[in-house]
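Two complexes, one shared chain (subunit A), two partners (subunit B, subunit C).
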Partner chain A sequence: MGTLFKIAWRNVWRHGKRTALTIVTMAFGLGLFIGMDSMLKGMDRSGLDNIVALTDSSLRVSTAAYEEERRSYPLAHGLQDAERLEAFLLSRPRVQAVARRTRFVGSLSNGVDALPVLAVAAEPGRDERVLSIPDFVEGSWLKAGGERELVLGFRLAADLGVGLGDWVTLAARTKYDAQNADDFKVVGLINSSEPSLNSSGVFISMRDADGFLDLEGLTTELIVAMERRVNLKDAMADSDALAAELEAAFPGLDARSFGDVGREFLELAKAKSKSIGLIIGIMMLIAGVGIANTVLMSVYSRIREIGVLRAFGFKPREISRLFLLEGGILGVVGSAAGVAFGVALDAYFIYVGFPMESMMGEIDMGLPIWGNLYGEWNPQQMAVAAVVGVAVALLASRAPAKRAARMEVTNALRFV
Partner chain B sequence: MRKLIFLAALAAATAASAAGQGLPALSAEEIMRRVDENNTIGSLAYVGLMEIDLGKRVLTKEFRAVAQGSSRSFVEFVNPEDRGVRYLKVDKDLWMYFPAEQETIKISGHLLKEGMMGSDVSYEDALESGAVAERYDIKLVGQETVDGRPCYVLELDAKVRAVSYERQKLWIDGERFVTLRAEMYARSGRLLKESRSLAVQRFGGRWFVTSMRMEDKLKRGGGTTFTMRELQFDVALPADMFSLQRLSR
Partner chain C sequence: MAAILELKQVTKIYRKGDNEVRALAGVDLCIERGEFTAIMGPSGSGKTTFLNIVGCLDSPSAGTVSYDGRSLGAMKEDELSEYRKRHISFIFQSYNLIPVLTVRENVELPLVIERRMAKDEIRARADEVIAAVGLKGLGERYPRELSGGQEQRVAIARALVKDPYIVLADEPTANLDSHTAEEIVDIMREINRAKGATFIFSTHDPLVKTHARRVVTIRDGLVHADERK
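Showing the complex of A and B:
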């Protein structure tokens, strides 16, 4: 075996350019696979971070009737006794903050055009203790004493052609279905990692909304911040437990946990990653064909050499093993190069990030995140890539190896 | 020169007189009662045309409609793009039927706030029914001329909270008792919509607006022109005219 390995090793490097090309193909395919996996993992993590930090919080509480009609954002099903509910939530372990919100449907006009929007009335001073939207606001977030202030997504602002300091007209129906419209000053523009906030986020203060929508204190939902956990599963379990506890204590309420929303998000992400998996599969196939081609070329160019080896007493099985070894060496070296390339890509994505904003400009790819996309280490997937690389190389060299082994000594020696 | 000044003074005096100064003194309630009389229908069938001016292009929608009172109506679009799309309104409920999908959906929630078929008339505008006096305090604020016709000017202030517009201003034709112009205001006092009657026709003893234009004042330009033709009052309607079965038939 030692001799065979030495011969195989020497043969692999005898055709340096061809071998290098095969290794580069493999390294490129595997490296991209590792890099893309890192990005997908990073996208999942960022998406989940967005759920907790920007859109849904750890727990979102509304009435069951509201949740049934959620798509129409009705102002008919407010939370009863929100104070008691808040006190209950704040008394639970791991709960850090609670804030009230009321969502409503309206339209935003710049005086020329009007766009339909789903707006949120939030509590300045409390909302930012649950969600971190203010961290992504250019200008300022809603102020507790502010009057007729409005914060909106930068993409929506661009669609309306308005900027900081401009006045826009917000129109909506009051709780009693009367039409109302008033001017609000744009004090902040959201440019966050959550695309939906950038393209359709509209926020006014709960105090303004109370007068504007005749709310009389109506709150449609509570959002809850829970202690941050390193492990995602722990964070989901915490929110699931709190949701179950709350629904048991307050029948008629609907508690949507981070666990619920996160699992739905991951299911969707899984479906999306299938198509990316297909692309990776095709790249691996190309790498496999490259290896098969290299080994096959090696067989054809060395048929006379095979004849000599057979004449020296090499058995067909040993000839087959020799070519398999050559494929294996290509696989191992290619995989190692692929993993090294993948690690370099990962390091870049993790520490520098992928600037989606400058790469994609105004194009909305429907991805769950925006801004700088950061990757994530996934050693398990690197090991899978390396094993798959070697396996593909061995599989690809199996047929040429068999063909070499089947050759008659005389035919091989006479082969021109 | 003196002759010219005299003529100008005469013209001004005539205009002032024509500005509705000569209309009989009626109470706001009486004016509104007469408007309601004109608008109150037993049953009505007509062909409608909606021209939706989107600024850059104009969409034209044609439909056949039947109505019973102000609470029930059935509309079927006949223009090629929307052929077969139907609406059924019964009291405060509205359904829409899509022929391609053979599906009926109930318009509810925020969908009610959107423009009907892309027009400036929201579904909720279409659902408003019942006597105005029940929902608004009506005040006569003066007399003005609209399109050369003397009008009573009424101000309507909502006396219940569940109305679309907190305040409305109406210009009522002083002789025919139809609304020639209307302004609808938000709770904040901001002008939201404005409508103008473009054609008024007489049907027996009743005057009826057969063409009007509605503009969304939160947008610049655009508007929807609504025209009715082939009107037939008090037509006999089948018993299931306003049923979901007929909507999806």
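Showing the complex of A and C:
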């Protein structure tokens, strides 16, 4: 094995440029796979964080009737006895905070143009204990005693051409289906990692909404903050259990747990990673063809050498092993280079991040995050990449190795 | 002297499409241990086919080849490889050294393939043979750093390192100038004398012919003449 390895190793480096090209192709494919996986993992994590921290919270409670007509955000199906519901939720062990919200459909105007919006009436002072939108607000979040204040996504503001301190007109139908409109002062612009908030988020205080929409204390949903868990599965299980408990205790209510929303999100993410897997598969196929070509060229350039080795007693399977070994060396070196490139990419994505904002500009890529996208280490996937690299190399070398082994000694020795 | 190699009615027919080429047409020959035999004949006479069959690189279409009384006819591919590994060595016209191995590693190769000696023994044996062909001190060089004559000396050392039954050389001096060719034949002759190694070599070179103790001429696939000196 020692001599076989020596011959294989030295032959691999005999044609430096050819070998380097093959290794670079492999390293690029594998490194990109590792880097993309890191980004996808980071995207999943950010997306799930966004669900809990910015959009849905750990649990969102509304009536079943409201949930059925959710797309139109009807004000006809408010929560009955919200106090008792809040008290029940706050008595549960892992629940940390509860806040009321009322969503409504309206339009926002700068005086010239108007855009349809899905607005949220939130409770200043309580809402931020459940969701952390205020952390991403330029200017200020809704104040408890503030009047006719409005916070909106920075993209929406840009579309309307308004900024901090400007007045905008919000129009909507009241609970009694009467058209109403009022002016609100823009006090905050949201620039968060959740793109939907940036492009369509509009928030006013529950007190303003109460007068504006004749709500008379109507709340369409409760949002719930639960104790943070390190393990995603635990966090999902906690919210699922609380949802089941609540629906059992309050028939007619609909509780959407983080588990429900998170699983839907991960299903969509899985589809994305499949398409990226396909791209990587194609890249590995190219690398495989490159390795097969490199080994085949090596076989053809060493036909006489094969003849000599056979003449001195090498068996066909030893000749085959020699070329498989060359492919294996290419695979191991290519995989090592690929993992090194992947680690470098990961490190960049983890510590510096991928600036979606400056790279994508105004283009909405439909990704569930915004701002700086950070990657995540995934040693398991690195190991998979390395094993796949070596396996592809060995597989690609099989046919040329077989061809070398099948050569007639006399023909090989005659070859010039 | 005892016969080390015996060919009886050896025939080799190649088929190329509908054509049949009879490279050997019933060769009978007996080679004794320690002989220094030249195989001569015009191009296409069957010299290389003869060496291929004697070297177990090819099998005859008919007839038998025996080494030390043992017939090789029934041997399978792997057994023939094993036989070559143990008992037969080759010297090629174009030297055919492994370019990625040093002189010493090239010479060690047959012993490494054989896997019967310890690493230290292999090294000592290789050094001894390298010195015997006059290349002492060049063990760490690569073939590309040697002249044609030096490369052929390495090829001779590689052929002799495992003490084979027989050394087969296909036109070993064809690529060398006359002075170097004479040196190479002298080395082969000296080793033949000193170690008793059996040499069979094909050649067109009249100079080589003068050094041979026995000259077998093949023509049209048959032994045309067999002269002993």
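General observations
The rule is simple: the second predicted complex is superposed on the first by the 416 of 416 C-alpha atoms of A that agree within 3 Å, B and C clash if a C-alpha of one lies under 4 Å from a C-alpha of the other, contacts with A are read in each partner's own complex, and residues count from 1 in each chain.
In the analysis below, a residue touches a chain if its C-beta (ideal position, glycine included) is under 8 Å from a C-beta of that chain, and two chains touch if they have at least 3 such contacts.
No experiment lies behind these values; they were computed from the predicted model shown.
Overlay on subunit A: subunit B and subunit C fit together in the combined arrangement. In the superposed pair of complexes, A:R71 makes contact with subunit B only, with no contact to subunit C. Of the two partner chains placed around the shared chain by superposition, neither subunit B nor subunit C is touched by A:A336. In the superposition on chain A, contact of A:T169 is made with subunit B only, not with subunit C. In the superposition on chain A, A:A399 contacts neither subunit B nor subunit C. Of the two partner chains placed around the shared chain by superposition, subunit C is the only one that A:T410 touches, whereas subunit B remains out of contact.
Contacts of A:F314 after superposition: subunit C is touched, whereas subunit B is not reached.
By the touch criterion stated above, A:N180 is placed in contact with subunit B alone, subunit C being left untouched.
Note on the composite model: angle subunit B-subunit A-subunit C, taken at the C-alpha centres, equals 140°, rounded to the nearest 10.
Taking every C-alpha of subunit B against every C-alpha of subunit C after the fit on chain A, the minimum distance is 69 Å. Counting contacts by the rule stated earlier, no residue of subunit A appears in both its interface with subunit B and its interface with subunit C.
Taken together, the subunit C residues at the contact with subunit A in this complex read 52, 55, 57-58, 77-78, 81-82, 84-86, 89-90, 92, 94, 96, 98-101, 105, 109-110, 112-114. Residues 69, 71-74, 105, 107, 109, 111-114, 116, 169, 171, 173-174, 176-183, 212, 214 of subunit A are the ones touching subunit B in the complex. Contact residues on subunit B toward subunit A in their complex (touch as defined above): 108-111, 113-114, 124, 158, 161-166, 184, 186-188, 190, 192, 216, 218-221. Contacts from subunit A toward subunit C in the complex involve residues 2-3, 6-7, 10-11, 14, 304-305, 307-316, 409-410, 413, 416.
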